[in-house]
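Here the chain labels run A, B, C, D and E in written order, and each chain numbers its own residues starting at 1.
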Amino acid sequence: GNSKSANEALTHIRLPMGYIPNIQYAPFYVAVEKGYFKDAGIEIEFDYKFETDGVALVGAGELPFAVVSGEQVLLARAQGLPVTYVAAWYQQYPVSVIAKSELGVIVPQDLKGKKIGLPGLFGANYIGLRALLNAGELTEADVTLDAIGFNQVELMAAGQQDIIVGYAANEPLQLRAQGIAVTELRVADYAQLAANGLLASEKVIAEDPELVRAFVGAFLKGLRFTMDNPDEAFEISKAYIPNFSELDANVQQQVLEVSIEQWKAERLGYSDPQAWENMQNVLLDMGLIAEPLDLSNAFTNEFVP
Amino acid sequence: MPHTSIFTIRNLSAVFQNDNGGLCALENISFDVKPREFVCVLGPSGSGKTTLLRILAGLIPPTSGSFTFGRGEEPSIGMVFQQATLMPWRTVTENIKLPLEVKKIDEAVARKKTKEMIELVGLTGFEDSLPRDLSGGMAQRVAIARALIHDPDLLLLDEPFASLDAMTRERMWTELSNIWQARQKTVIMVTHSINESLFLADRVLVLTQRPGKIKMDMEVDLPRPRKDEIRYTSRFGKLAKRLRGAIE
Amino acid sequence: MPHTSIFTIRNLSAVFQNDNGGLCALENISFDVKPREFVCVLGPSGSGKTTLLRILAGLIPPTSGSFTFGRGEEPSIGMVFQQATLMPWRTVTENIKLPLEVKKIDEAVARKKTKEMIELVGLTGFEDSLPRDLSGGMAQRVAIARALIHDPDLLLLDEPFASLDAMTRERMWTELSNIWQARQKTVIMVTHSINESLFLADRVLVLTQRPGKIKMDMEVDLPRPRKDEIRYTSRFGKLAKRLRGAIE
Amino acid sequence: MTKRFIPILLSLLAFLLGWDLLTRFSGIPNFILPSPLSVWTRFLKAMSDGSLPRHTAITLTEIVLGLIVGVLFATVVGYMLAKSRSLEKVLSPYLVASQAIPVIAIAPLLVIWLGDGILSKVVICALIVFFPVLVNTIVGVRAVPTALYDLMNSLHASRAQILWKVEAPASLPVFLGGLRIGATLSVIGAIVGELVDAESGLGFLLQLGDFQYDTPMVFVAVFTLIALALMLYGIVRMLENKFLKWQS
Amino acid sequence: MTKRFIPILLSLLAFLLGWDLLTRFSGIPNFILPSPLSVWTRFLKAMSDGSLPRHTAITLTEIVLGLIVGVLFATVVGYMLAKSRSLEKVLSPYLVASQAIPVIAIAPLLVIWLGDGILSKVVICALIVFFPVLVNTIVGVRAVPTALYDLMNSLHASRAQILWKVEAPASLPVFLGGLRIGATLSVIGAIVGELVDAESGLGFLLQLGDFQYDTPMVFVAVFTLIALALMLYGIVRMLENKFLKWQS
């Protein structure tokens, strides 16, 4: 019921996405194309800058919202950034450990004694890996970590890495498309962790809660539509992704499929408090935050319809 | 006998800082120069002749002593340095034209004047040559032309004819004499040639070994215009002998 | 009359490329130099004297013609350039010592020899000065010392005494004569001074205006050692007059 | 004209051949090191769909603006620092510091202060261009021969005349060296800015290609960057050929 | 000695004060622009837990190795290119190209070919150092006065002697300018390498601090980088003071 009349000025929102234009952002593209944002009185401008810069700008009150991954919220709050997670998008933590099939890595315990390539010793990949190791009752000392930058697919294809960490909706699909048989250990299968969603500044929550509600609502509509009509969503997204024609349409379709799998929830947008507890424990365990936070400020389901 | 000097130099000293307590190049120099006077400065190598010219040109301040211009205002200066000091990126024409550019003389006038000067110093045909393509004497002639082109009140010449052959040098003497006589100029010229100084100067200063002091200040009372034959007169011989005596 | 020449120059020409078809600096030069001969080269500014020396030193190739060394092997060369050409980062001592370094002479020997040369050219007290702190004549004396220090077979001197005062110059004449007589040296020296050439040379070459050709090749049959008084002899006067005639 | 380019063309052919052989026989998969042909095909595609020209235009605009701003600042500041050692002492720590700060560390500050638009990219590019030009301006101006200052001062030239007629041409060789470095680095400067805040430009294409595993696109972007760098470098070389003719 | 640093200290104080006031009154939150005090506190912490020294040591090792490799290559290649214009024509497109390739574009190739250890970081650092040193080596060697080559050739000096006794000292001012730029950029070079595969070094600390929104840590890393850059810059300035005394 927040839709404003068409001739009223729309609220312009610049939204840091944290990654380059990608089919995973289909819900956002759908929400634009279907006019959900417009109906909510919002005009969206996508901004594909680094994730942490987006969070900092939201924290500084320069921007109202950002798309972020779960751990970012806690890390930011631990440093006193006044930001709150207002809608869950991914219900599953999107990271996987990917191994060449011949290694027979089926359960986390199989990683013991192995060398694992990951982009760097921080970031979602690292956190996901640690959660997985925890689930397998392993520590970092039981494996060899090898920081290789965002070159996991290349190095595995070149035969230099046999086990890597990556995103479930990306690296395994790319590797299989290259004809490399891999098995996958999904973090989400072993640990329920707060994952990607929408972040809002405390400022906008305090000053303009209706905007937050409208924004979340429009996004969730897009999410719902995408999950219900993946093919149409796929078609809609094409225009938003530069050079889409160059990409392997099959792989892109799979990316969307796998992503939709990770979005499924009984109540779209809902944050499970347990997932936040778990995430906090992982971060505490890793020493990335020093002491437990008041999680009630970190996320809210208040704006989720 | 009071006279209006174009400049007055009193107790001038110049000391260069170095590691062992400073090198005294000039000590207690005092002299006056009258307007339109042609003064030659002689002295052994390292006696401070160049230093004196540099002080007079205002390029370095004296360490002590004073030097004042008669009419209060600084005269315009034409200087020939001991090294030719050409700009390597400028052609002969452009190098000679420099003083006119600095004085913001109209380009067409400047071109014409430059052409005359090039003829005067015998460099026709080399107008567009770069300094690196000139012989030593040719470079020096460019420097002479540059010093004369803007018709300065005061000429400061540091061994301007040192690397010229006898014939060219004598032609230059005549030209310089003519210019000096025709226009209202004061000239101070360093030279190592006794002949040159007697042929050109009204007055010759001889400096001592370092530190340079004035050892002799001699009027040259030879009649003008001085032709080549004057060298064989007894008056010339006598003056030359006095100078040679002072230089030893 | 056959004689063993230290080098032989035949039909030498030098042309410098320029925009209008090349500038001919030397044309068809032929002469022989005997071992231990002292040759002076005179000629107007721009007549190719420096170019000739540069060809003899092997710095530029002649455009045509040949020049061969008598005994087949290249002699070691000591050269004084028209500009002093000192290395600005080296002190007086280090500049003078350079040829010994190039010849890889033992450091202690080199130091001693350098000290002697510094005394010879009257630069005691300036051993550690940098070139920028020297007067023009002092820089030239450094260059002279550098050309002599390694006792070369062939001296190529381009107006080496041009910026020296009369007294220093005459002292240098004597020193050069002594060195030349005491050691087995051949000297080719460019000068603008008729006196200088008659005082020092066995033979004087006079070049013409550009393009330089040999206009005169004159033996100087004055007895040695030549003292200052020789200038007032009639033989000297006669030779001087012949030279002056050739130069005009 | 055409002949001069033959060795370059040959080396280019050799490079392409080597690259092609590498992709064929090294076993490196195509999506890591694409073949020359696939890059060429991708290039044609990116040209025909207009994406490459559009993004190139954006990056080129940033580069040109960044270069202009960076070079202007560097020249002015460099000149001031060359003239004042005490100013240099106080400022240079900050200038060096500005070069050691990774853009990633201050990206949010840049966005807050300069916004998301072209300004931040221009500033990042200018910052990278700044330093080489600054240092070479200082080195170049410091090396201007003092003799030329003396000449200009003797002519009572103004500060501006000294700047334009002496300091600028004399320091030009070293300055243009700095510009060569700056122009080449400017390309990376603009890309760095685009990588932080990717929405358009070749940096965006590059990142997109990287994340989309569209390696031929990455190589197309890289070759476009190289072409831009070569173009800018070529322009500076042309300036050198034009203005430094006197040097060679 | 102490007096010379007063202006620097004063400017540093002013900088700290300005920064502090900025954080207090600009409204920019602490996690974007931390206060000096919070950075200092974080610094002490990072020192006491040993993380800062450890990561700094790693980065410093990369920088030093990268500098050595980059400078050595640049000097050798630069010298060769300075001597051969045709070699320069063929090679320089590739050298320029190497500077326009963003590391991100070839990161997979780098890691495949060089591994993910210190080698790839040293190479990236060396690549960035290379170019300024290369260009300034070329510019410096090209500007060596031909007169000094003539001098050395007249002494039959060997290529090596010409290199060490003339070319090296004469090109040193410009070369050291290139080194100043290279040393300053080397810091960023090492960091860029560390950003590609972050596991240790200041680049890792920086990225970790960024990830954790621990902005004071980011600033501690940045200030450490600045300190490293200043140290390297200072070393080059010391070399300049030592070897270029003759210039000032």
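Everything that follows uses one rule, which is that a contact is a pair of C-beta atoms (placed from the backbone, for glycine too) under 8 Å apart; a residue touches a chain by one contact, two chains touch by 3 or more.
In this text the structure is predicted, and so the values were computed from the model without any measurement.
Starting from the defined contact criterion, work out which chains touch subunit C and subunit E both, please.
none
What are the two chains with the top count of C-beta contact pairs?
Summing C-beta contacts for every pairing gives the maximum at D-E.
So the centre of each chain is just the mean of its C-alpha atoms; given that, what is the distance between subunit A and subunit D in Å?
Taking the average C-alpha coordinate of subunit A and of subunit D, the gap between them is 37 Å.
Using mean CA coordinates as chain centres, what's the gap between subunit C and subunit D in Å?
It comes to 51 Å between the two C-alpha centres.
Measuring from the mean C-alpha position of subunit D to the mean C-alpha position of subunit E, what distance in angstrom results?
Once rounded, the distance between the two centres reads 17 Å.
On a C-alpha centroid basis, what's the spacing between subunit A and subunit C, in Å?
Their C-alpha centroids are separated by 86 Å.
Would you please write down the residue numbers of subunit B that are in contact with two or more other chains?
83, 132, in rising order.
Can you tell me which residues of subunit E touch two or more of the remaining chains?
28, 32, 108, 112, 207, 210, 247
Which subunit A residues reach two or more other chains?
As it turns out, subunit A has residues touching two or more other chains at 56, 60, 150, 154, 158.
State which pairs of chains touch, listing all of them.
A-D, A-E, B-C, B-D, C-E, D-E
So in the complex, which bits of subunit C are touching subunit E?
Its residues touching subunit E are 54, 57-59, 74, 76-77, 79, 81, 83, 85, 87-89, 98-99, 101-103, 130, 132, 150, 156.
What residues on subunit D touch subunit B, complex-wise?
By the definition above, subunit D touches subunit B via 147-148, 150-157, 161, 165-166, 169-170, 172, 246-247.
Please output the residues of subunit E touching subunit A within their complex, sorted ascending.
28-32, 107-108, 111-112, 116, 196-199, 204, 207-208, 210-215
Along subunit E, where are the residues that touch subunit D in the complex?
Interface residues on the subunit E side: 4, 7-8, 11-12, 15, 28, 32-33, 86, 89-90, 92-94, 96-97, 99-102, 104-106, 108-109, 112, 131-132, 135-136, 138-139, 142-143, 173-174, 176-177, 180-181, 184-185, 187-188, 191-192, 195, 203, 206-207, 210, 218-219, 221-222, 225-226, 228-230, 233, 247-248.
List the residues on subunit B that touch subunit C in their complex, please.
That would be residues 16, 18-19, 23, 42-46, 49-50, 82-83, 128-129, 133, 135-138, 141, 158-159, 162-169, 192-194, 244, 247-248 of subunit B.
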